[in-house]
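Okay, got some structures for you below.
You will see two complexes here that share chain A, one where it goes with chain B and one where it goes with chain C.
Up next, the complex of A and B:
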């Protein structure tokens, strides 16, 4: 069943809103912020794509936000932007389902809660930290704020969270359980994540992010939230529609790619995932936009936003970085090109050969 | 730093009271309801804050309720417990 995309709300290292994403695609460059973490008397400095949530208090009073963590604030902000973009702000949203896809969940709050437990014991663990650390907290904040009484769900399947959650959205719409789905993808940065990534990848995360140097680690950590308003109605398809969502494992059953689709690949500088793109893709027109928002599991939702925006604009934007493309047989989209009659598919590989394929059309 | 000053600072920081400065919290201002606007979940956080930052445990809510009224009552409770 096709899912029409009628609104997008997004915030990432490039800024907030669809216009900021379009501007980043047009410019082709977003510089990551230099961040630092103090640990054991040493300073670790590294690039990261961080997200600002300035403007959230235009939708929700500051006082109502004081118990809400950064993860849920990012969620609420992009959810508000998506509903505004779809023209649904202020209406009856009781039959709006809420689905959030995240690879890591509310990382910072979870670690803050664990720290409070380890440092001060059971009796001094913050109840607010605890309540925000549970995975469905952000979706619950969204449901409560918009007074939606339809189902609210958070799906976590690491790199495959986005396609996996989209399948649920499709099911809810097909069953008529909801009239629309507010579908969000989100991950956040935190210092513990940086510590872990440094242990795993050493200096491999200093950038620049080169999505097509498949064999090398060049990821730059990112964070952000991308939300979509999905429905059954073709008349709502301002950004086109999602035709099909497929999950599989290339090592078990090799991926069969749709013949003519232009591919947006989720290659984000992770060598472990990159090798699967190198294996599965030959002689195809592909683009990758991770250098505009960084590396995190929910970035598959950002690829989806780029695809939706491309459908609205009738063109595929140039890949921001093309280094390494010459080593493969791929035809990397180096300059913007009209879509013509071509459709777009977003392909994301996980480290073990798991893949998610999302096909879109106008 | 006095107990009252420290209390005001940790309240603002741990309860995330944006747009509130320590000198805006009057020593006799009600912490809950019309005063500072705290609620029942904040009361639980307050018990945690007092134990974490001052090492004083509020075990009994019958005893804690009168202490959790204002900065003055809470500071007095903490000082009494610390003294003896």
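Up next, the complex of A and C:
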């Protein structure tokens, strides 16, 4: 069943909102922020695509946000932007389903909760941190804020979180469980994540992020939230529609790609996933936009936002980095070009060969 | 919501504190046995010891390597899956080449609760990455798909304590939509020091064995385990007898509070109504209810009131007295019990219940009880205000 995309709310390393994403696509470059972590008397400096929640208090009073963590604030911010973009900011939203896809959940709050008992003993464990660390807390904040009493779902599947959760959105709409779905994808950065990535990847991920150098680890960590308002109605398809979501494992049954679709690949400089793109892709037109927002599991939602925006604009934006493409037969989209009659598909591989393919059309 | 087609359940698998497989669980519950005790697998400096319901014995998976490389939640999920597949007449090799989906609910199984690692990190050490690697390779749905070499959709649902019920409802939808031919659906969760600390911080854990719906109830006992159902479409099942059917699924959000249920139970009633419509059955057809029944004062009050209003006189039981609250696994385990009890024609006593609460309009069954009918309801309430309900039918197998 086709899912019309009627609104997008997004925040990432490029800024907040659809206009900021479009500007980043037009410029073709977003410089990551230089971040640093002090530990054991040493300073670790590294690039990261961080996001801001500036502007959230235009939607929700600061007082109401006091006990809400960064993860849920990012969620609420992009949810508000998406509903505003879809013209659904007011009124009865009781038939709006909420689905959130995340790779790691509220990381910072998870560790804040551990801090509460590691620092002060188990009897001082923080109930606030605990209840906000549960993966579905962000979806709960959305439902409470917008009074959406329809089904609410949170899914986590690392790199496959987004296509997997999108499959459920499609079923909810097809079965008439909801009239619309507020579909969100989110992950956050935290200092422990930096430590882990540094331990795993000896180069320390200093960038630049090169999505087509499949065999090398060039990822730069990112964070952000991308939300979509999805519905059954063709008249709502301001950004086109999602036609199909397919999940599988290339190592078990090789992926058959649609012939004519332009591919936006979720290659993000993560070598363990990159090898699958190298295997599955042959001579065809592809683009990758991770250098605009960084590497994180839920970034597949950002690829989806780029695809939706491209459909609205009727053009395919240039891939921001093309290094490494010459080593393959891929035709990387190196300059902006009209979309023409072509459709777009977003392809994301996980490290085990599992994949999600999201096909869109206008 | 429209009426949906029934989906056949061909296999059941379960392990938890009540038993190491479904047969053991049923036998011990109908003997009214339970064994809550202080945690054995972890310790804390908490001044109060809250009883938990751990697996009675260690378990060994009949597969290579995974015993050490996967987190306990995924091991539990795999063990219950293998039991359910055997029950359904599948060997793992025969699944290859078929479109098999995996939909699993969990809470602990997807959280970065690696507190030994984090303690070392905080102390300024450079902890090794083994714990993080285990976390990264232990997504429960992905583990089952990878270990059994399955090709199809997989999804790990993290809807807190309704996760298992949601996973079953969603898995049934995959089959109806033609997304796959077989679905492995249910829930899995391990006992963890982190949730032990978290639930005690919320002051909703009992210092004694839990007493769902009793006037002296003080809270829940945590538990661990997994409950898995094999769902098949008709083209794959052929003439194979069904253990039961997923007849309907409903879910709704309270949109009220992060951890407390909405006092009027509106979300639970909405989820029930959706499930009834989807199943095409009426409340008078429900033979019994496997209630969420955590033993927390608020939760049991809401649930008792809603059950009395929507299903007056229908017998209900909480099996959490035998299993503890297994969080994301609870809906999976309880759906397995529900199908098995429909086949058996009786439900076990609601252990822990002694004295009725005058505030609660309904009381659970106090002894093993024969039931009439072929349709039952299993429900879950969760943090975040999630309510999920599955309506299950009796099979012939």
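Please note the rule applied: the second predicted complex is superposed on the first by the 361 of 362 C-alpha atoms of A that agree within 3 Å, B and C clash if a C-alpha of one lies under 4 Å from a C-alpha of the other, contacts with A are read in each partner's own complex, and residues count from 1 in each chain.
Operating definition for what follows: a contact is a pair of C-beta atoms (placed from the backbone, for glycine too) under 8 Å apart; a residue touches a chain by one contact, two chains touch by 3 or more.
As the structure is a prediction and not an experimental result, all values here were calculated from the model.
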item: Chain B versus chain C as contact partner of A:120, first or second or both or neither; value: first
item: Dominant contact partner of chain A by residue count, chain C or chain B; value: C
item: Contacts of A:66 with chain B and chain C, given as first, second, both or neither; value: first
item: First, second, both or neither for A:105, with chain B first and chain C second; value: second
item: Which of chain B and chain C A:95 touches, first, second, both or neither; value: neither
item: First, second, both or neither for A:33, with chain B first and chain C second; value: neither
item: Touching partner for A:164 - first (chain B), second (chain C), both, neither; value: second
item: Contact residues of chain A, present in both the chain B and the chain C interface; value: 116, 123, 125-127
item: Sites on chain B touched by chain A in the complex; value: 14-19, 37, 41, 44-45, 48, 51-52, 57
item: Chain B-touching residues of chain A, taken from the complex the two chains share; value: 62-63, 66-67, 116, 120, 123-128
item: Touch list for chain A against partner chain C, complex; value: 39-40, 98, 104-105, 107, 110-111, 113-118, 121-123, 125-127, 130-137, 139-141, 143-144, 146-158, 160, 164-165, 167-168, 170-171, 174-177, 192, 195-196, 199-200, 247-249, 252-253, 350, 352, 354
item: Residue numbers on chain C that touch chain A, as the complex places them; value: 1-2, 4, 44-48, 96, 107, 110-113, 115, 118-119, 121-122, 124, 126, 129, 132, 136, 139, 141-142, 145-146, 149-160, 166, 170, 173-174, 176-177, 179, 194, 197-203, 251-259, 266-267, 270, 274, 382-386
